[in-house]
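Below are two complexes that have chain A in common, paired first with chain B and then with chain C.
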Partner chain A sequence: MTLNATILRLSAQALLGRRRGLVLALIPAVVVALAIVVRALTESGTGYEIVNAVGFTLALPLVALLAASAVLGPEVDDGSIVYLIAKPVPRRVVALSKYAVAWLATMALGAVPLFLAGLILQADAPSKALAWAVGGAVAGTTYAALFLALAALTRHAVVAGLLFVLLWEGLLGGLLSGIKWLAIGAWGREIASAVSSAVDDPGTGLTYAVLASLVVTAFSLWFAGDRLRSFTLRGDE
Partner chain B sequence: MPEPMPETPPTGVIHDLGYRPYDGPRQTGRHIALALFVSGFRNAFGLGRSNKSKVLPFLLLVINLLPAVIIVGAMTLFNLNELPLAYARYASATQILLSIFVAAQAPVLFSRDLRHGSIALYLARPLSSAAYAAARWASLLAATLVFLLVPVIALYVGAVLAELDFGEQTRDAAKAVVLAGLLALMLTGVGGLIASISLRRGFAIVSTIVVLLLGNGVVTAVQGIARDQGELRVGEVAGLFSPYSLLRGATTAWTDEEFVLPRGSGAMSATYFVVMVLVAIVLFALLLLRYRRIAGR
Partner chain C sequence: MATISLDAVSRWYGNVVAVNGITMTIGPGVTGLLGPNGAGKSTLIALMSGFLSPSAGSVTLDGTPIWRNTEVYRTIGLVPEREISFGYLTGHQFVIANAELHGLPDPGAAAQRALEIVDMVEPAARRIGTYSKGMRQRVKLASALVHDPGVLLLDEPFNGVDPRQRLHLMALLQRFGAEGRTVLFSSHILEEVEQVARQIEVVVSGRHAASGDFGEIRRLMTDRPVQYVVVSSDDRRLASALIAEPSVVAVSLRPVVAGRGGVDVSVSDLGGFAHRLPRVSHDAGVRLIELSPTDESLESVFAYLVGR
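This part shows the complex of A and B:
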């Protein structure tokens, strides 16, 4: 199955055009700027938890959510998606092409800044920074796929995604430790802890974390394609 | 606004096509703004809109109320002689729900009229752009206040019925109400301004969340590091840069609750309150400016 160059180009425009790209770039910029300020004022290694608390837990899912909903959300919102899916391009290719753009953005603006922030905060521990970047890359891949599926499923994809990340993984995940089995962030952290022991592992086991991420990503992508295949038009509420 | 003709009776505002004229009482712009406020307030909770639009606000409202119900239940069940969670901490504890509510409902009030162009119809009435913006702002403010105050009232009713000290509970609850009001003013400003600039719903929601929660995350991280380094002053100043950290600072200054930082100097405490009011005023002014520009097009 191949990607469609035109859809890739259009999705990239939807993602980066006008002010959207600015806000998307602002999120990682805040994380990296925070790392620079903290490093400039304190000793190396102080405040390393911001890579996790701000970068991995907040910025990464927000970038994935913004990217995934920007490539599909507005078209579903105003109904212009029908012009796209009326073209003789398989719907699964449409979904995959849009995913490719959202995924690239999530990697560049979500996972790479984790590496940069980690390296800035503690230059002599590149393996720890790399661990967060790898964990972020896996979690970002899964987040972007899940949010794309949500965007194909419902108009309220952004709110649903926020509830999943902030309420389920964030608030409830902090209270009920069993949520780690059903939290994309915890799987990413598990994978990060396998790369570097300096990262605390949530305790799901590496195999489960990798498999769960793969299954959710694959299922979400199939589901997004399937939703586009049987897309029904709805009016504005 | 049309020039009033001295001799002729008042006619239709947009066109007079010669149909039978309306000769009932004519109300002023104030009534239009009031009607707009009431319908906006209802719309914020999905009332007067489709059933689907009611799901999200009421779901959030119920989840937001759930901890209060659990707290009152636990208090009565285990015969506690104080609330396990203070009134003034409630907004901070549920800030995620509150942020999502404001972020998701601000576009309902601000973006839709702009995106569909129906703003032109509102402004064709004798309603100034400032009055329109103020009415919308007041709707969102009232909805946010309902969201903030319903759990506080539930806690208060539970505490009073459990016969905790009435004077103490009333004083603590009243302080929480004032703090909630200040917080609501800031959140309404942030949500309203972003929703009136960014007309794509999802984009406005994420932008608001970035400002409110990512901003709070950054400030909280800085405050934690500043506390560990013994530089409390840095943490206190950092607290001025996010609505929720302002709330925490003002709560620490005014009540017995403490968050990341211990209670600071008196001058800093006053600064938190002043900055909260200033942020609210500046955001409201920016909103009025934004709508003046839209009307001027």
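This part shows the complex of A and C:
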């Protein structure tokens, strides 16, 4: 299974060439700027909760959602993806190539800023910053795959993704501890806590967190590819 | 020489039937797929291009099933009705991307050749977002032609294209047909189809209503009984005189509403009827007040073909 250079290029252009690209860059900019402001006004280590509450819980899944829906959503919604897939290129390769672009964007604009914000807030604790970045990279990998599958499934992918992030993982996840078993963010935090004990352990166990992330990522990518294989052109009639 | 075959193909969505038991073979040359809007033309093209699975029956390209088989796109070029939304690319970039996706050895040369065919070399440097409808249509065609396909499927290619570009497109399709390619395009306009296609397939309400060369289809359409309503000073007397005419196949009286009735006349030979009507009414001593056709719409023509 390989990636297709043309799909990669077109997806990157679709991601960066529109207003969405700006919003996408704005999110990590806000996280880093917030960290700089807090650091300037307070002592080192104060307000570190920003990395978790704003960077990891909010910005990371939002970046993954915007990136994954931008590379696939508009083309599926308006049907113009037929121009890309009426080609002798396996549809799984198309799905995987689009995922690769969304994944790169999520890493660069979702996971790396966690590391930066962590270092800015507490320069003498690089391992804690790295832990958030590693946890963020794993969670971002899973988020991007899940949201790509959503974009292949429904034209309401952004709304569904927001509900998942804000309502399920955010609100309900804070109220009911059992949700950690079905929350991508909790798995990422679990992995971060394995890298640095300075990160609170949600308590799913590392093995479960890694396996669950892998399974959701693999199934989501398979599903997105399968949806493209069965892509149906609806007539205007 | 590539052939697309539909064998007893049906497609339904829940309990709505979009295409019903259609068997047809599309071979080399230009074939027109004619039918009113909503007849199932786009559904058929989606089936033939691998973007819809048949609920029953089979759709094949030279014997190979088309659904879920991306290899068929080495042979098939598709021009969907759907707009290209890649407004941020130039026409040239878009066609090159298509050539690359086909894995052609020299995408640049292939794109150039395709753009030359559709006469879009010069505007290809501009972004697609700035194109007129006709230019976008031609870039779509170039992207479908870039791999020199044996089969070309076009969904309503003349929609919204200005008359001059329409003629250009028609000439192109005829040329592809003459080159031995299998070209199929859909349209809801008989005159349009007649000008380009030798072979015409008519679909109405998801059914295969007629198939043949354009002369045959034209005869079917013009020979059908035509409906008129005649209002006169004495409808009953006129009706009894008209039924004696060989050109008239049926008459019926309309109920009189507000002192005004009328005779519905079904006519098989239009010329004969037009010639005889004044004479018949004069001889019967009836004064004609109004004569008007009641069903000249294309839909009624199609409905006649289905009911035949």
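For this structure, a couple of remarks:
Everything below uses one rule, namely that the second predicted complex is superposed on the first by the 232 of 237 C-alpha atoms of A that agree within 3 Å, B and C clash if a C-alpha of one lies under 4 Å from a C-alpha of the other, contacts with A are read in each partner's own complex, and residues count from 1 in each chain.
Rule of thumb we're sticking to: contacts are C-beta pairs under 8 Å (C-beta built on N, C-alpha and C of every residue); 3 or more make two chains touch, one makes a residue touch a chain.
Because the structure is predicted, anything quoted here is derived from the model rather than measured.
When both complexes are superposed on chain A, chain B and chain C end up sitting side by side without clashing.
Using the contact criterion defined above for the overlaid structures, shared-chain residue A:P74 touches chain B and also reaches chain C. Look at A:A40: by the touch rule set out above, it reaches neither chain B nor chain C.
In the overlay built on the shared chain, the residue A:L175 is in contact with neither chain B nor chain C. Applying the stated contact rule after C-alpha superposition, one finds that A:L65 touches chain B and leaves chain C untouched. In the superposition on chain A, contact is made by A:L10 with chain C only, not with chain B. In the superposed pair of complexes, A:V30 makes contact with chain B only, with no contact to chain C.
Put simply, if you stand at the Cα centre of chain A and look at the Cα centres of chain B and chain C, the angle between them is 70 degrees to the nearest 10. Our summary of the superposed model lists a minimum C-alpha distance of 11 Å between chain B and chain C.
Residues common to the contacts of chain A with chain B and with chain C across the two structures: 74, 236-237. Of all residues in chain A, those touching chain C in their complex are 4-7, 9-10, 13-14, 17-18, 74-75, 78-80, 82-91, 229-237.
The residues of chain C lying in touch with chain A in their complex are 37-43, 46, 49-53, 68, 70-71, 73-74, 76, 78, 80-86, 88-89, 94, 97-98, 100-103, 140, 143, 155.
The touching residues of chain A, counted against chain B in their complex, run 19-20, 23, 26-27, 30, 34, 37-38, 41-42, 46-47, 49-50, 53-54, 57-59, 62, 65-66, 69-70, 73-74, 77, 156-159, 162-163, 166-167, 170-171, 236-237.
Per the touch definition, chain B reaches chain A in the complex via residues 49-50, 52-53, 56, 63, 96-97, 99-100, 103-104, 112, 116, 198, 200-203, 205-207, 209-210, 213-214, 217-218, 220-222, 224-225, 228-229, 234.
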